[in-house]
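Next come two complexes, and both contain chain A; in the first it sits with chain B, in the second with chain C.
Showing the complex of A and B:
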C-alpha cells in the first residue's frame, strides 16, 4: 500500500503517458484517418477515459490489489496464471514502443546511422528501474511533469505559428471507416488504461480521486490532440511521410538562425520522459511476475524481461514496419482484450475473500466474524421466540 | 580476572601501582605530595592534556595546608574544583586519566576523586573555509566537542535540546554526541542514529566522516547520504527544522540527518538576503550544476554525433579551433578534465606559497602552450574551465560532480546524446529510489511535497515558513506564529 500517490498517477497521465503518442503514431494515424486524425484519436481517448474512470471507481470500492481480487474470485493458482499472462502481455505491448524509440533515436539523435549498440544501454537502465519497483513509477512522474510541460509547451509555441489549421477541414472527409480504422489500428498506442488496474491497492484513494485522474488524463489527451492538430496543420498531405514529427515540428522557427537548433534541447527533454515511459510497462510486467512468483528476487524477472526485449530489438532491427503492421492489423484484439475488456471484467471480481481464499489472517478474521454473526442470529432467534411465548 | 576491573583499595602505593599497570605509558605521570599531617597523596595524570597549574593550585595546595581528610566527601570539600566525580574502580579512573582528568588518590581512602582539569589545546572559533558568507554569522565549529556543544547551546537555550553522548572506538574512545530537539525531531530517527552508532565496533574515529559512513544507508553510494556543516547557525537551523545532528570530538564537521539533495543548493546567506535574490541564486546554482555536468558531454556529443545542436556561426568558430587537433573530442575533453582534477588536487594539498606559481604554470603555461602546440583546442579549454568553475558553486557536491561529469563525457563520446539521456535517467532512478531515515533524497521534488517547496530551490518570505518541513514527519509542525501582524508591515 502507498507505493504510489494519487497525485503521481495524475502526473503520469498528464505528462508521461502522452509522450508515446508523439513519435510515429501521428503519421500512422494520418495514413488511415487523414485530416480526421483528431476524431480518430479522440475516440481512442474516450474509450480509454471510460475504462480509467471505471477502474478508478473500482479503486474507490476496494483497497485490495488486482491480485487479491483475482485470488478472492478464482483462487491462488488462477490469480498467478492471470498475472503471468498479464506480465507477458505487458512485455508484448512494450515491444512496439521500444522498437519505435530505437528507430527514433537512431534517426533523429545521430547525424549518421549508428549501430544497435547505441540503443542497448537502455535495457540496462530499464532493468535497474524494474529492480527498484513500483515506487519509482510514481516518483518519476513527479520529475517528468515539469520537464514535459516545459519542453512540450516550448515545442508547441515554436511550431504553432507555422500550422495551418484549415488543413483539418472538412471534418469527416476520411469517412467513418477511415476514422474507426484509425482508432482500431491505433490501439497499440493506447494501452495505459490497463495501468491503473495494476496500481489498485498500491495507492490510497482520496475523495474525488476519479475526477482528479480523469482531469489529468484529459490534460494529457488535450496535449496530444493539440500536437496532432499542429502536426497536421504543418505537414498536411506530407504528414504520412513525416515519421518523426517530434524532431521536425518546430524546426521552421526563425529563431534558429541565431540559436542553432535550440529545439533539440526540448526534444531531448521529451526523449528523456520517453525513456521513463518505456520503462513503465516493463516495470509493471516485472511487478506481475513477482506477484506470481513472490520468492523470486526482482533482479531475475527484470533481467529476463529486458533480455527478451533486447532479443526482439536485435531480431527486428531492420523490420520495424513489419512489427508495426502486425501489431496494428493483427494484434489489436489482444490489446482490446487486455486493456479494455479485462479492466471492465475486473469490476465483477469479488472485493472480499471467500472462506479459505484470503491470507491465513484474513481467513481467521472471516471465520471469527462468521461465528459471531451466527451467534448473534441465534441469540436474536431465541429472543424472538421468548417474546412470542410471552405474548401467547 | 581482568585487572582493569579491580577496585581501588585504601593503600596508596597499591592503587598507584594498579593504575600504572593499566597505564604504563610514559606520558602518564604520578605527582605525589603530603597533607599537613604527613599523609601521602598522589595525582595520576596524563601529561599534555591536563592543566597542571590548576592541579597544583586547586588540589595539591589546599591538601598540603590541611589535615588529611577521612573520606572522599571530606576531601572534595577541601578542593576548589567545580567539576569532580568519584571513581571506585581502576578502569573508570584510567579512562578519566586518559581523557585529561587526573585521579586523586589519598592514602587510607578507598577509590579516587576525579578532577576536571582537562586542558586540550584548541584553536579559536573562526569562520570555516568551506562556508564563507558575506552576510551572517561567522562562527564555525572547531575540533573540541565541548566548545561545539556550547556553540549549539548558545543558540538554542531550551531544555528540549538534547545532547546524548556515547563513546565510540575501542582505542580512541571518541565522544560522539547525538543532538536533537525533543518533541521536534522524529524519535524514530534519533533511535536509529543511536542504534547505528552503538553498533559500531571500530579501533578509532579520527573524524566525523567515519561516523557518516556508518549512518549512511548506502555507504558505497557516489552521492552524499548525510548532511554536513561547519557552521553552528546552519546546524541549529537544521535542528529546528526537525533534523537530528551528530557532533564528533576531534572533528569540526557536524553531521545532520536526514539529508536531502536540495540542502546543498542552499547557503546560509540565502536567509540574510531578500527571498527573490535567494531564489535566483539557488536557481543559478542549479543551472551551474547542469553546466558542470552536461556542458562537456554535450560538446562532445554535438561534435561527434549531432552538429545541428550548435548555431552555424559558433560551429564555424569551433571547427576553426579544432582543426589539426590529434585527439578525438571525447579523448580531448577527458584528458583536460583529468588535468583539471590534478590541478585542483595539487592546489589543495600544496603549501600556499607555491599555489601562485602553480596557477601560473597550470592556467597560463600549460593551457596556453597546449593550445599553441596544437594538442588541445581552445574551445575545449573554455568548456572545461567553465564546467570546473560551475561545479564549485555547490561546494558539497563538487566531488560527486567531478566523477559524474567524466562518466557523462565517456558515454557522450561512445553513444552520443542518447547516452547522456540514458545516464541522466539512470542517475534519476538511483536518486529517487534512495531514501534515508524515511526521507527521500530528492524531496521535496520527488515525491512532490508542495508545502516544503517554499524553502527548497525556491525561497519564499519568512511569513510563509510557518510550518516545519513535512518530510521529516515530526509531531510539532508549527515553527512560526506572528501575532498582531500589521498589513503595512508587509
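Showing the complex of A and C:
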C-alpha cells in the first residue's frame, strides 16, 4: 500500500515540489535578496541537494524505513516519540503553503471577494489522499509531471519576451547579509529534503538511483531559478509588490488582445499541481502518526490533521502576513532542525537491529546470532586455555 | 476504508466543488458590483491637498455598454474616494476591469505616485492598465462624448492601443512600466499627454474611425474619434501625440509629436512608422512622406576616458509613401527606390530629434533613456561618481543608417 517507485520520486522532485516556490516565495525573496534572488535561492537548493544526495546514499545502504532505523538505534518508544514529533512538524510545515494557496485562490481566481467555503474542498481532497496512504503520492507525481511541464513551459514562453535579464545586474548588490537572510528566511519553502527520509524503505533503490533523483531535483531547481529570473526581469524593483507573480507573469503578452487571458488555463493547471503538493506533507504527517499508533484507523489522523488545518485557515483567514512573518523570522530554526539536521543525523543510525530492538522475528534471529557468537567465543577461549596448558 | 466512507467523501467533495466553482457564497453580489472601466484623478477644487476622483462605470445593457461617471469632488486619498463611490451609489466598485488611469494636468505638478500608489498596492487593479495624463481636468476628459459607444474610455484606449504604439505615434505606458521607471535608479518615466482636439468639438459626425492629421515635421498625430457618436451628436477626438516626461514623479518636460516619434523609433517597440522629411530636389525643398521600417535598434552606455558616451545604433529601411511634388509616371513607378538625398535627410532629421530629446532630458533631469540605470547595472563602482552629472555630461554618438525598403 505504501510503496513508491524511484521514477515517481524523480517526478515528484522535477514537477511537484517546485510549484510551492512559484506563488509568494519570489516576492518574499526579492524583499531580502533584491536582484540577487538567484544566489539566495541557489544556496537553498544547494543545501537541499546535499541533504537529498546523502539520504539517497543512505537508501542505497539499507532497505529499512526511518522508523526501523530509529527503533534499531533508540528503541520502540523513542522511535514512536520521534515520529510523533515529525508528524507535528510536517503538519506545522504544511500550514504556510496551505494558507498561501488559500489566499492565492481567493484573491486571484475570483473577481469578487469569495468566502472561505470556496477553499474548503481542498481539505476533503487532502483527507481522501491521506487515507489512501503514500501510494497516492506516487500517482500524484505521475499525473503532475505532464501537467506541470506543459503549463510551466507555456507560462515561461509567454513571459520570456517581456523579461529584462539586465535587471539581475549587478551581482552582489544586495550584499552578503541580504543574500543569506533571503536563504535563511526562505527555509519554510525548502522542506522537501525531508521527504526522501520518510520514503526510506518504501521504494526499492535502483542502481544509479541517487543520480537519477539528483538530476530530477536539478531539473526542478532549474525551473524555479528560471522562473525567478523571469519574474525579476519583468517586475524589477516592483517585484516586492507582486505577491502572486504566477497570476501575472504571462499576462503582458499581446496575444491576449484577441484571446483574452488564456494564460489562466495554465495558471489553473499549476494551481491543480499545487493542490497535490499541499497534500504531501499532510499525507506524510498522517503516515508518521500511523507508524506511531499502528492500531489507529487511518481515517482518524487524516480527519484530525485536516480539521486542524481548516481551523488554522479560519483563525488566520485575515492574518496571513503574521503567519508568514512568524514562519520566516522565528520558526526557521525548526525547519533547519527537522529538514536539514535530522536527515544528516539519520546517517548515523544503526542499519541493523540490536537485540530486542527489532520485530519479534528479528529479535529471535539476533538472539540466536548472539548466542552463537558467545558460544564460539567460549569455545575459542577454552581452546586457547588448553593450548596454553599444553605449552606449559 | 469501507464503501460507506468512500461515498461520504465523494458526496462531500462534490458538494464542496459546487461551492468552489459557483462562488454562490461570495461576500459581494455581482449585481451590486460596479465595473469601473476608468478612473480619473484631479486635484480637488474644493480643498487644498485633496483629490477629486471620477470613476467611469460600465453599465451592461441589452443594446450596448452604457457609461455612468461618478465623481467624488474631494477625498483625502484616492482609496477613500473610491470607497466613497460605494457609499454614494450603493455599488461596490470593482477595479479588476479598470483599463485606464487618467491623471489631470494639475496632478502632474506634484509627485503622481501620491495617487498612483493606491493602484500599485491594490491586488485588484491590473498593473497592465494604461496610464495617461491629460490636458485640463481628467473629469472633463472622461465626460467627453465618445465616438465608440458610450464609454469614453474605449475611445481613449483606442488612441493608446498597442497598435498606435507600434506605429510610433504614441508613447503608450502601463502602470507597471511607469512605476518601474519611478522606482529605478533613473527615477524617471513618461506618459502619453492626452488632449481633446478643439476642431473636432464643433465638427459633425463623419464616417469611419480614422484620425485627424496634426503632424509636425516628421510625425503625424495619434488621434481617435470623429466617428459616429454614441449620443448621435458631435464626437470628441483625442490626441496623444505629445509625451509628458517625469522626474521623481513630477512633470519635467513635454516631447512634441516629432520627438515622440523619434523616441519611439529609437527606444520602444515601434518598428513601423510614417514620417515626413524635407529634402532638396532640383534645388527646391520637397516634403517626402516616408514609410519607415526599423530593422535594428540598440543603445549602449560606455565610459571612455571618463566621459559617458551614449551610442545609438539604428538601421532602418524607408519607402516613399507620398511627396508634395508632381511626380512623373516613371518616378511614381520607381517609388521603391528612395533617392540618397532623402535617406540622408531622414538620418539628419532623426539625429536632430534625438539630440533635442537628450537636451530636454539634461535640462529637466528626466532620464528617459535609462542611462542611470545602465550605469548602475554595468558600472556599479562608477555609479556614485557619475550619477549626478550623467545626463548633462553624456555625449551622444549616432550610427543611423537609412536604406531603401524593397
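The working rule: the second predicted complex is superposed on the first by the 366 of 392 C-alpha atoms of A that agree within 3 Å, B and C clash if a C-alpha of one lies under 4 Å from a C-alpha of the other, contacts with A are read in each partner's own complex, and residues count from 1 in each chain.
Operating definition for what follows: contacts are C-beta pairs under 8 Å (C-beta built on N, C-alpha and C of every residue); 3 or more make two chains touch, one makes a residue touch a chain.
Predicted model, so just to flag it, every value in this text is computed and none were measured.
With both structures placed on the common chain, the touch criterion links A:230 to neither chain B nor chain C. By the touch criterion defined above, A:159 reaches neither chain B nor chain C. With both structures placed on the common chain, the touch criterion links A:114 to chain B and to chain C. Look at A:52: by the touch rule set out above, it reaches neither chain B nor chain C.
In the superposed model, A:143 makes contact with chain B only, not with chain C.
Within the superposed three-chain model, A:125 lies in touch with chain B and with chain C [touch as defined at top]. By the touch criterion defined above, A:252 reaches chain C but does not reach chain B. Shared contact residues on chain A (touching chain B in one structure, chain C in the other): 110-112, 114, 117-119, 121, 124-125, 128, 132, 257. Interface of chain B with chain A (complex): residues 305-312, 314-315, 411, 415-422, 424-426, 428-430, 432-433, 440, 442, 445-448. On chain A, the positions that touch chain C within their shared complex are 107, 110-115, 117-121, 124-125, 127-128, 131-132, 166-167, 169-170, 173, 235-238, 241-244, 248, 251-252, 254, 257, 298-299. For chain A in complex with chain B, the touching residues are 5, 7-8, 105, 109-112, 114, 117-119, 121-122, 124-125, 128-129, 132-133, 135-136, 138-140, 142-143, 256-261, 264, 268, 271-272, 275-276. The residues of chain C lying in touch with chain A in their complex are 1, 5, 9, 12-13, 16-17, 19-20, 23, 25-30, 33, 94, 96, 120-121, 123, 126-128, 162, 176, 179-180, 183-184, 376-378, 380.
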